[in-house]
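Consider the two complexes below, in which chain A is the common component and chain B and chain C are the respective partners.
Up next is the complex of A and B:
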């Protein structure tokens, strides 16, 4: 029974997608996701772990495991997926291929739930690839538009390279125990690093982060679901599951990469003027926090941040979607450019309110969820650093600086988008915040308020920690006090600075001129990471055309050489045959012909000559008889 | 079930003989007869699949084969030298049966794909049926001589099918194909004679593969594993193994003896490409598995690293070459080279999972590559052109075609849920788990999955995404989505590729016992 329910939970979104595809009624697809949500919630409250296995290859079983962690995340994924489905009903209503769109969304949700159910690493990898496919298909949804096909391909390729590392890492482990829940002991360095690389790819950590910003060309609800809330967090989830077995040195690398990525995302987000790019870099930055959290040993804090981030970032992306649609219907200018916005709080009141709540959560302001979860990670980072040594403080320090940067770019974004006056004259749009647009935004905003997680707004634990049974072990209250204070300070400082720059009435053009000056270009382009990919790709192509040349000239050339050699040799043999072997034979023939000709001449003369020769002949024969 | 194998094997020859007496003007008779013949073959092979005892456990090769048929065939007394005895000896085990089933299926697809052949239809279908017999014969022959006969006989119809019904450079391609493979066969012939002189059945020398697999050598003979003779300082067994690697490696094809394949594929008509990629390459792989690895496991162990390196080279080099192609069909041809590299790596690992993976990959590639060639054929039929730059945005014009293309491209790049992934995964598991060679082989082979993604996705981007565009205005009228006949071929392939991707045990349950026994024998024969 339970097995069937789990199977139903997995397959329901896919069925929903198919029914809506063939039934031509796209709203059905959200019912499938809703079914998954209900089943996940049912299991969450029933409370016991369920384990099972599938004999996939003869004698090779793939285990799945339903525990509290996976259930909480499945509930999260199906909830956000459902909200995105609902939001998309309006957002995609004018699209030609919307049935295809909802089928792909259903396929994504199916794969994501499968990924969360997997306990065996191979089963995990199977769904890991499938979510990558869903991401590729959804990024490429508008495949006819310029630049979109290459963005989709870039996303898939970057992930594929990381996945190859992940697969190699999995296969380097002890093959008899690939079930995560049954693992023990420590892995070697190489598999740990390779598996971490796999996670970096999916979670857009340095140096793989470039695909995520490119992925923003996809439909905005997709960005909310896949490229902010769920799929990109899969890497964090993987690290969460396997970090107890990873090599300590590999974990340290994970912590450092996470920290660097958090900082990188924060500082790049500051320079963007495409609202989706701001959010994308912000996602990279927040994922960096989560990865860092796992690296410093605070898995539960990372998972908590994953959870809260899913809500507020999905809320921000959907809000951005509403804004973009509004702008699309209002102006011919770039609808995603925040320089064209301004004063939108009058036109989009609901979007404004929910966007503000989610922004404050992202900026790490108390009373909102982001503050609590981020704080937990930074505290853990600080404690980790104090146990390792001086240099390790770079991790919590950069994390705090990133908190400041976060508040700064969030403040800038909100001020530029919603405050002040409309920067485009006569702004009128047919877009309305109808119920299917409003409801998801409100639910996601509510999910970003502190009370949803813990009664104490300054706490950094929640019911999530309790239910997965991983409470952070704090030894030092002093550290947590300091961190709470510092991160509060950073958030306020960031917001104040943002206000002083971008307050209504300030000269935006001047502020931009400062931010957009030449030496900031590098930040605007995210340190040219995608240029580096292109460079790498070109290198591979050059290598490919080189090997093809080798194939034509050298490999095939050698064969041709053998062929030509064979022909030449046989020609020589033929010559020998003709002149040396056949020559003497022909010579005999020629000679006999000459003789024959000469003799034949005898018979063609006149009768007198013939008689003469006859006489000569007779004389000769007679003399031979007589004298010998 | 008696004589079913003979029916599958000889029915096409019989029908081909009957066709000789049908006037050439009655074109549609030939294709209908061929369709009926191949359908009967498919039905018979399904019967075999149903009646096959999957759980048969055996302790020697002589008990390992099912549906065995044996009859005296050729017997020649050579006076004081002895006698030559060749049997008509057929049988299948869990390794060859899936390949027989695959063959009948792909041959059926090939007939459907040949439906539009008008020119010299009589000759075409007669040759096709002869080809069909010889391919099946390779998989079911248990007598080396019979195997070799079928192996060689495949060349003849193939030569004419490419040389007469092919593209522009058809005569170049067909001669290249013929000479190349003939050259390879000579190596196999040498080994066959060596084995005949070394292996006995009772007290007479024999061509029986079963006896060869069981290792009934006369002591002191050329290939006797106890005291192998040295030839130029090398053990005769090692040389025999290398000869077989060359001989079957050309057929497979393995880098660097692969260059006949792109030319043959590009010039061959679509149905012949389908059969060539789907089945002929598998014959090479099957020969390696059954003969090279079955009979010479000691040498295989010694040269495991060499074979694995050839395999990895094929994977990466073939993949890079595929990336450099502008002709869709040539790209698919090079992707075949890349995929068959996985088979080599799986075999070289000498592990049960690697062997199963190699077999599974053969089956899976036997479904994917025919589909890929059909896909290339679709565009060629419509425009007479296959150059990638000449097309763009086909997804909006031909959505169904694009759907099938995407399925098989993703199957080709090893997406989980489709059959390509299973084979690659198992081969890689074997490679990483093998004690025969270094881990780097496995890691490099894993890189292959990134390379295959590169060329397939780039092709999708160039041809299917973007704004719709075709180079010549005259092609425009022909650019219609795929026809019912094309769907009839692609849908069954799609279903099988998905089914095998999700339930690989559909194949592996057949082969599991056989492969376990195989490896047990291998480990027994190892010194």
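Up next is the complex of A and C:
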């Protein structure tokens, strides 16, 4: 019974997708996801771990495991996915390919749930690849538009590079026990690093972060799904699961990469003019926090941040989707460019309210969920640093600076998008905040409020820690106090600075519409990380053309040489044949021809010659008779 | 008549025969060929007559006289034929004569 329910939970989104693809109503697809959500909630409250296995090959079993962690995340994924489905009903209503879109969404959700269910690393890897494929399909949804297929391809290929490392890492492990829940002991350095690289690829950590900004060309609700719950969460989930077995040095590298990525995302988000790119860099930054949390040993804090981040980031992306939809109907200009927006709180009141709540959660303001989870990670980082040494304080310090940057770019975004006056005159749009747009936004905004996690808005633990059984152990209350104070200070300082700099009427705000996005700016382009990919790709191409040339010149040359040698040899044989073997035969022929000609001359002349030869013959006969 | 004399006769007969053969083989004209044939016949007659004298037997000489008579007849007939052909075709060459005959 339970096995069947788990199977139903896995397959329901896919069935919903297929029904909406072949049926008449696309809204059916959200029912499939809703079924998954109900089953996941049922299991969560029943509270038992369920373990099973699929026999893939005779004697080779792939285990799956349903414990509290995966159940919470499945519930999260199916909830976000359901809200995205509902939002997409309005957002994609004018698209021709919306059936295809909903099928892809269902497939995406199916893959992610499968990934969360998997316990065996090979099974995990299969769903991992399916998630990558689904995201590729969704990013390239508008495949007829210029530049979109190449962006989707870039996202796919960057993930493939990291996945190759993950597969190599899995194959380097002890093959007799690939079930994560049955593992013990420590891995060696190399497989730990390789698996971490695989997670970096999916979770858009440096140096793989470029694909996430390129993935912004997909439909905006898809971005919400990718950024909040599915695609990028997979990497963090993998790290969460395997970090107890990883080599300590590899974990240190994970912590440093996460911190660097958090800082990188924060500083790049400040300079973007595209609202989706601001959110994309913000996601990179927040994922950096989660990865750093795993690296410093605070897995539960990372999972908590993953959970809270899913709500407010999905809310922000869906809000951005509503704004973009509004702008598309209002103007011919680029609908994603913040320079064309401004003052939208009058036109989009509900979007503004929910966007504001989610932004405050992202910025880490108390009374919202982001503050609690981020605080937990920074505290863990501080404790980790204090146990390691002085240089390690770079991790919590950069995390605090990133918190400041987060508040700054969040404030900038909200002020420039919603406050002040419209930068485009006579803004009128047929887009209305109908119920299917409003409801998901409101639900996600409510999910970003502190009370759903802990009654104390300054706490950094929640029921999630309790239910997965990983409460952070604090050695020092002083550290948590000082971090709470510092992160509060950073958030408020960031917001205040943002307000003073970007408030309506400020110099920046007034000249903003004419601000040029200079392509040479290093921050605007995210440190040219995609250019680096192109460079890398060109290098691979050069290598390929070089080996092609080697193939052409050396290998083909050798084969040509052998061929020419064969021809020369056969020519020599032909000469031998002609002169040495044919020669005597021709000689015999020539001689017999000469004889024939000579003899033919005897009979062909006039009668006197014939007589002469007759006489000669008689003489010969006579001399034969006479002398022998 | 001893053997030494016989030898001279035979040499002369051989010379006659050879001359006849030479004439037959070298001359184109039918008249010359006929002359050559006559020379050869006379050579042969000379051999007949000389051996007959050497053996004291007259059969050879009788045969020679017969041969001479027959040869006269034959030559006269042959000359007549040749003359007729020449009158008709103005040809006396043997090789051309072959084509005329056709």
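We take it that the second predicted complex is superposed on the first by the 589 of 628 C-alpha atoms of A that agree within 3 Å, B and C clash if a C-alpha of one lies under 4 Å from a C-alpha of the other, contacts with A are read in each partner's own complex, and residues count from 1 in each chain.
As a convention for this text, a contact is a pair of C-beta atoms (placed from the backbone, for glycine too) under 8 Å apart; a residue touches a chain by one contact, two chains touch by 3 or more.
What you see is a predicted model; the values in this text were computed from it and never measured.
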| item | value |
| --- | --- |
| First, second, both or neither for A:551, with chain B first and chain C second | first |
| Which superposed partner A:148 touches (first chain B, second chain C, both, neither) | first |
| Which superposed partner A:133 touches (first chain B, second chain C, both, neither) | first |
| Which superposed partner A:421 touches (first chain B, second chain C, both, neither) | neither |
| Chain A residues touched by each partner, larger count belonging to chain B or chain C | B |
| Chain B versus chain C as contact partner of A:607, first or second or both or neither | second |
| Chain B versus chain C as contact partner of A:2, first or second or both or neither | neither |
| Partner chain in contact with A:615 - chain B first, chain C second, else both or neither | second |
| Of all residues in chain A, those that touch chain C in their complex | 606-608, 611-612, 615 |
| Chain A-facing residues of chain C, complex | 21, 24-26, 28, 94-95, 98 |
| Residues on chain B engaged by chain A in the complex (per definition of touch) | 176, 179-180, 255-256, 258-259, 317, 320-321, 323-325, 353, 356, 393, 395-396, 410, 415-417, 421-422, 425-426, 428-429, 432-433, 439, 442-443, 446-447, 449-450, 453-454, 457-458, 460-461, 464-468, 504-505, 508-509, 512 |
| Residues of chain A that touch chain B when the two form their complex | 55-60, 122, 125-127, 129-130, 133, 140, 143-144, 146, 148-150, 152-153, 156-157, 160-161, 163-165, 167-168, 171-172, 175, 540-541, 543-545, 547-548, 551, 555-556, 559, 563 |
